[in-house]
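Chain nomenclature is as follows: A, B, C and D, assigned in order of appearance, with residue numbering initiated at 1 for each chain independently.
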């Protein structure tokens, strides 16, 4: 149904639907790579004094697992769905700058390949954890050229994301079809707008930090090897990016959950305007909380207290978002399909991940949590739970739109059950491992961590295969040659009204009256266009 | 099914793939094997050449007008908006680098006196050169708005020459003098921060020169008219931004 | 062997239990509501219409504000509760009343320097019932100096001295108490082995040990 | 759009401001005062270039929100970074 498969078309494409699918396929590839790294780590930690991986290999795998999962899997998977869906939701023909979009994709792909390639270099890749803390990341303590390449790959990824954010913000601001006013903008598009706005602010400081790091490593500057710059300078630049990045990953997930809830509860989002306001509040506040990652660095306590307050402040609108989603179900007509189940699971994990995060917002409590498996549990609940579940829900939900195929519902529900149970068996024990340091490659039996770690590994061996089967379900449905109807969910959002699936171009004179869900604002007055429309950036 | 493919055929291009591959080769060269840098630069140049050719022939120009919602940026073209978003990210890049510079400078306690390390006269000359290039750039836009293509060509030519002069003074006179006096990039934080910040700025000037070169090429093909000159305006915005960055780097390194 | 829980850990546990109970109750309410909605409002035949909204918008704004107000009150009260703990961790008793130990972290061990010049590696002896101030630094990469039994942790950063204080518990009949110090910041391939033992001794035993060490050091220096 | 005279006038002003920066540097006076004056002049130059050469003045306040937001972000970063500096250790 994609016509005759032609490699040239896929290599040269600038069409948002094709680029979106390329993004999704690539992100799934990196998900499998990073997921297998995770399985290796769990295998190594299953029993005390294990020698399955040596400490250096383990350190590299920890680093790659973190970097790949956060940056090369979760962020682009959301961007891939956005690529396909956002132009349809706003009635645009394509993104504002199609060739820039293709460039984003290819730089993303090559940056990921460079990063994964570092393990094959003599001397190996970065062995620093995904935070690449200075001065462990300097040439003195990581002399291998793989660490330089990893930093450069990360910088290339930052460039790719910046290009995407330029593209998406411009598209959403300038290419909304007649009638898609701001009040009617679909929630998923709102979430992508916020995501991209955050990315615009978060990634440049990371790129600057990486520039300093690479000049340190290649040209011999001394920003991170001297004590005047050093650890704290890196942490400032890194976490100014690092904390908004968490929200960059979570926002598309919230948008997907909102869309799925609205479709399968057959109900408008609870208090959409308040929801959007809370969204904007989280976006703004998330740029001012990063120093809660630095509670134990010994910086001035009053400064930390300020960031403790902002962190607590951000939890209020965020909690509002979750409540808004839950209240959307109230008095709806709920149909428990697989995407719905994944979204409900995501609400569970985001609540648990959120409240554990609030506990960490108190510096005093954080003294015990910092650097321990509690933290690992917390952010896996937010990322591996909420974001991955919601993105899978998004894939399932938009699969008929993207491929004209419907996955097997029963199979999907079974794999959901296994992945949810496996997930909790995998990550819940981490909340009891408050004294186990992160990123240790092995531990002794006398520590008493063995049984919880073994449970966790059992969970990993349920969770990992369940996610693979979840993806297999989609691939199997794609191979089966029976087309489903173009709007099997009877969804009311813009992207479903065109009745065009797959790669078929959408109609241009979008009729928004069919999209019941977005009709909440007042009708706008038509205006004549005066904007010269010259195609690409230059 | 076949018609899907045809409608998008006119937009498809190998350029994005080739640029990304070229950058990847360049980065491999930086990290592992220096000669690959040259290969990367060759690939990128080839791709850019194709991009400029397409741009000059307006292969991808879109003419169809679709009615769209405009609030809140009614009078701003999407190209200009995209460029301003890009400039915002550039502000954040240079801003965080300046933050890093101030950080290491303040936490160092002692710092060499600026006027003893750097040549203020050369720095001031360079500042005035950049300011003048900004003037010629805006006069170019002014000319083409009135339909004066010859004026545009003269202005672009002067901008290009002034940009080259800036780089010539910086890389040809200042840096060799600094390096021969022992102020090398690996000689400590003052030199590290000076060379990284002004070096990145010089890279931006060089990119600007390539872009101005493209404008000159396109202007010589008669690619701009009084109603069609988005590229002149956008590249001008970028050029002035590079100018603004220097307005801060000059006092930070040469005066304070 | 039952070791007494250090006072700072008891305070921490109380705060944690309070905060965690609130967190668990909040999670339980949200989850209960969600499950209840899913069961109660499941789709039945004839449910085909898309519901635009339920009730006037004003009441929804009011609900949102009420939820926000409740959570702000809860969070503020927890913050105030957390202040009570703050001094233990960050503002230890004055140096004059405390034993100051300089901790130097390096790949991959901790070295402890006592005020009288004695130093040990991998083992730290401290007297019972006393305030101890650790002055933590590193000489190579970042490390974490974590005493989870006391619920305190501070990073060891090259070029900086970070201060963390604990109060040792009384021995309660034990001859000595043994706690583990671990590195909580990834510091290279030896990270998992980077630990030290903290021995809490009877004050007289501690002084005897310290004086013995001085003699040994002096002999070593003299010979 | 402004005329050619305004552009040249602004250029003259910017050049004079640049010379003034260099002159202020050699004046007697407190170091912090000099730093303050020079940074004020530099910021003023930047604002003038943005307003006239980048014609933000004619594109409206809404577009200016972008660079202003970026500058605010950097101020956030710079202020918090300043708070983590411990001198003389």
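Assume contacts are C-beta pairs under 8 Å (C-beta built on N, C-alpha and C of every residue); 3 or more make two chains touch, one makes a residue touch a chain.
These figures come from a predicted structure and were not determined experimentally.
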item	value
Label of the chain whose CA centroid is most distant from the centroid of chain A	D
Between A-D and A-B, the pair joined by more C-beta contacts	A-B
Chain A and chain B: spacing of chain centres that average the CA atoms, whole Å	31
Between chain B and chain C, centroid-to-centroid distance (C-alpha), Å	49
Where chain A and chain D are represented by their mean Cα positions, the distance between them in whole Å	37
Chain A-chain C separation of Cα centroids, rounded to whole Å	30
Multi-partner residues of chain C (each touching 2 or more other chains)	159-160
Contacts with 2+ other chains: residues of chain A	201, 205, 228, 232-233, 236-237, 240, 297
Set of chain B residues in contact with two or more other chains	72-73, 75-76, 81, 85, 88-89, 92, 96, 99, 103, 107
Touching residues (chain side chain A, partner chain C) in the complex	55-56, 59, 62, 127-129, 131, 133-136, 141, 227-228, 230-232, 265-268, 270-271, 273-274, 278, 296-298, 301, 308-309, 312, 315-317, 319-320, 322-324, 326-327, 329-336, 344, 347-348, 351-352, 355-356, 358-359, 362-365, 367-368, 370-372, 434-435, 437-443, 490, 492, 516-517, 520
Complex interface listing, chain D residues touching chain A	69-70, 73, 76-77, 80-81, 83-84, 86
Chain D partner contacts - residues on chain A that touch it in the complex	201, 205, 232-233, 236-237, 240, 287-288, 290-291, 294, 297, 299-300, 303
Chain B to chain A touching residues, read off their complex	1-2, 4-5, 7-8, 11-17, 19-21, 23-24, 27-28, 30-32, 55, 58, 60-79, 81-83, 85-86, 88-90, 92-93, 96-97, 99-100, 103-104, 107-108, 185-186, 188-189, 191-193, 195-196, 200, 211, 214, 227-228, 230-231, 234-235
Contacting residues of chain D [partner chain B, same complex]	1, 4, 7-8, 10-11, 14-15, 18-19, 21-22, 25, 34-35, 38-39, 41-42, 45-46, 49-50, 52-54, 59-60, 62-63, 66-67, 69-71, 73-74, 77-78, 81-82, 85-88
